[in-house]
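Sharing a structure below in structure tokens format, with a few things to ask.
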């Protein structure tokens, strides 16, 4: 599918004062119609980046183009993007309908046109019956819908959402995630979302940019990000991962030879780095634990069960291997084969060679 | 270390939308406002160096009015009286106003609306009316006029200023702080001293500054409530209208400006310290 | 908010001392003057107590109502100007970077620590025909004509701007005296304003101006209202500015009241005039409390 | 120098006062200063000689506490509410009249004021205090027109008419912000008494002033001399002494008493009822009436004296100045302002109309 570019971020940096570098040479494109997420821990610069797209922050260097147009010097009110604020910023002195109409009145639309669009907007977010309410008479979720509708009926090229779910409780959050994705499919507008919640990022996005310390670490689809994280930071930030420091011991026909000190050597099919120092990681759900020594072409380690956490659908088993902690998520099956462990049990933990991820140090 | 490329050079400088102080319109507003506020002060300071008995025409530079002012016992006594009244009134009005502000903020009680409006009346009433009422009242109950009656009256009209500010500040305090203190075993009094008061501090300081300001410059009420030996600086100034204001008054005012600037600066430093503490919390 | 019954002791400790002080040194004295307002002026200017409404009747005579009307007009203009200059100044302070905020605030407060009368007198030196303002204007006038004046036979004589001893001067003086009372409350509310409301407005396509008028001002309304109230009430009672800077017809209601307690020595009438103003102020306060209650209701309704 | 801070207690008064402390702190009793050997003087600022207080303290051993007020009405207001402790005050003609009529003044004890004999004949029996029972003059002056010689001739300035002809010095004239004085000149111009109680005459004066408003710059709060000196106005209704002070700095200024009469003005020493130290007050009046002390006062404040014996010690320039001591024929035509009782309201209403139209 060939998609044109909605936002082109080219060498963008943001410096506060002398020493704080909030965004460091960000360079990537966001495609039209994409659900794009900026993911990272708080203070990583993701919000700054979004605010630069919206026009609230100036760029120290670099350019931002929206739909092929350089945004340098274009004030926020002249940009073809709209934003849903973290606090929603639904004007408290206006009714819901007035809030929606506020942005349209500037476009010099006819009164009936505004009314129609406000009505459609309210229907879109299923808020029609609240049109005369004041924001302080609404719940957080309802306010978010108002903010969303208010931005969407401006029909922006890109919708920016700053931590859209942070003010909602867990259950509502899940509902809204589904709704947001559905909505995005309906309207076909590019969504850019800022979040620190990796679960949210994975479940909603087409692509995710992981940012750390102002630097974009990796941009990929959710599954790629999960299965093939490029760095230890990304791997750790997205899901849980057991890691070992490793050494690159040369290549053979079968692949690269990698040594994990104290645990031995194994073959790895592809290698991602030239550096001799590596990190070898393995996702917990890929690890199997049993009492008998496993057979076949697997990586196996002998250890002691240190801790078991019951988590409903699965058990998290912490195995101590010579002072190294390995975490395994075991399905909590009630049918078929399963073993029950107790703390202190001697066990083998093992995993397929294919499941190993080799990361940048 | 990455060096920044000069890509941006050549492009116009962009101002962030809410960085209003960087906008030339707002800079102009600040300039015009400050000019407006300070031009008269500059004029009066300039005339304090004017070698003429009156503040009309420039006749050359002199320091003699500063000398005269410092030697003018009457003027110095008036300044001392003013400062004494203002400091005492500020002290007590700050305590009482803080109490009132807290009571109005914390409690629900019958007739609160009228009480609330009543507590603000001293600001709203014409000063002459309040002055005359106090004069008549003190005469009626036979309290001799003097610094005591002046101070008592100043306290009365300073209380609302403090109460308004403290109340606003008190509204922003999280009640959980006090609850936590009780939970940790602190007594009411200890909680008040160690928890409530430090959090109220910026409001109390601001209220005290306001009270000091209005007390220091009050003429009408001071006049009607004063007796022998209680002439204050504003009374001195107003009495001079009959024979035109002399540069000595300008010199005294200039010294007062310098003095009060120092007090304000100290206040600001204190305030900055407390707010630093706030942000640390 | 606690009910006073639950914490009777604490409530009494907090409420009684200030209440005692205000009753003793404000309310009781005021009752005395209130009684005066029903009294009579004796032939020597002494006050004879009694009960008559003549003072109130006189206060509502056309001539006094005309003065009140004019005073209210000037007060409205002064309040509007204080707002026009004070609001952007409050904005400037509120949006200034950290340490500048305090410095600007200090700069706004500082002139207040100087005697009001002296500051007002200083305006004479600025506004008079040969004063600083006209000096500046003359300089501009002269420079202008010396620049373009080649060939012009007669350079027009500079005519000083007559801005002293008239209502313009009174308005300038009153704005000068009261502008901080507008700036400070607006600043206080603006400080608490969530800036994302402004960003949201800009983001929705509003211009800066529309954002300020449609979003910032409504959201700062409590500060604007208290600032306007303070300026309005204080201007209404002021008499010094009109005395010093006013022209022949500059009489304001404050002067009128002050004169009754002064030169006219008619305390009962002065008291009646004061109470007419006071009742008007009460109504203003009452309107504001209704407004505040409505806001509270709006915020509380859920 | 003169005024020790009032809250400080000298050793002498401390010793005297210790015994009385128990009494003096209780509410209602006279405060401590009432028992001191002191005289509480109530006057305008800069309205006394530079050494007057010092010499009094030296010769009598009595301490002086000097307080200030801004207008006669404030003085009257305070005294009628109950004298808060002043021993001797300065009041203008009509104020003496009012205070006397309200029993707010004590008769002077001339046994203690031998210097009172120096009072000139012409001042012995004023309307506001017949027989000089309650007051002795502090300073006397006339009210006339201060003017700029280069802008208006002496002849023109010597008539109240300049204030009522809008063609003369339009917008360059100032009157005084006081109803009785400014209406007084209008009444005098019309040929009536400045103390008239006739409604018709008062209304006539009112209408004259309303018509004149056009040409008048402002009704100045006793700052006409400043306006004159700054060149803002070229004719100002003012007290002779005020104009004399600016004449010192500007040769182009002069003072004229109008041919219609001008107003006589005097401020007088008096002792209010309830004075805690009436004897000290008499001593004080006697002191300021000492010819040399009186001369020192007038040489400082540059007003006229009614003390015949003092004139030989006064600056000859002033004694010979027609501004300070107008010729007898001028003086004879002047009229003092006295209280007019209920007619005050007529003046006040008229003034309200003048100042708002």
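By letter and in written order, the chains are A, B, C and D; residue numbering begins at 1 in each of them.
Everything below uses one rule, namely that contacts are C-beta pairs under 8 Å (C-beta built on N, C-alpha and C of every residue); 3 or more make two chains touch, one makes a residue touch a chain.
Please read all numbers here as calculations on a predicted model, not as lab measurements.
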Distance in touch steps, counted as few as possible, from chain B out to chain C: 1
Centroid comparison with chain D (C-alpha atoms), farthest chain: A
Inter-centroid spacing, chain C versus chain A (mean Cα positions, whole Å): 55
Averaged-CA centre spacing for the pair chain D and chain B, given as whole angstrom: 36
Length of the line joining the C-alpha centres of chain A and chain D, rounded to whole Å: 88
Two or more partner chains touched - positions in chain B: 17-18, 55-56, 132, 136, 138, 238, 241
Multi-partner residues of chain D (at least 2 other chains): 71, 74, 77, 221, 230
Chain A residues counted as touching two or more neighbouring chains: 55-56, 75-76
Chain-to-chain touches, reported pairwise for every pair that qualifies: A-B, A-C, B-C, B-D, C-D
Chain B to chain D touching residues, read off their complex: 52-57, 59, 71, 73-74, 77, 80-81, 84, 132, 135-136, 138-139, 142-147, 223-224, 226-231, 235-236, 238-244, 246
Partner chain A, residues of chain B touching it in the complex: 2, 4-5, 7-8, 11-12, 14-18
Chain B-facing residues of chain A, complex: 11, 13, 15, 24-25, 55-63, 72-73, 75-76
Complex contacts: residues of chain C adjacent to chain B: 1-4, 7, 10-11, 13-15, 17-19, 21-22, 25-30, 32-33, 36, 85, 88-89, 91-92, 95-97, 100, 102-104, 106-123, 125-126, 132, 176, 179, 188, 195, 198-199, 202, 208, 230, 233, 237, 239, 254, 257-258, 261, 267, 270-271, 274, 277-278, 281-282, 285-286, 289
Residues on chain C engaged by chain A in the complex (per definition of touch): 194, 196-197, 199-208, 210, 214-215, 218-219, 221, 298-299, 301-302
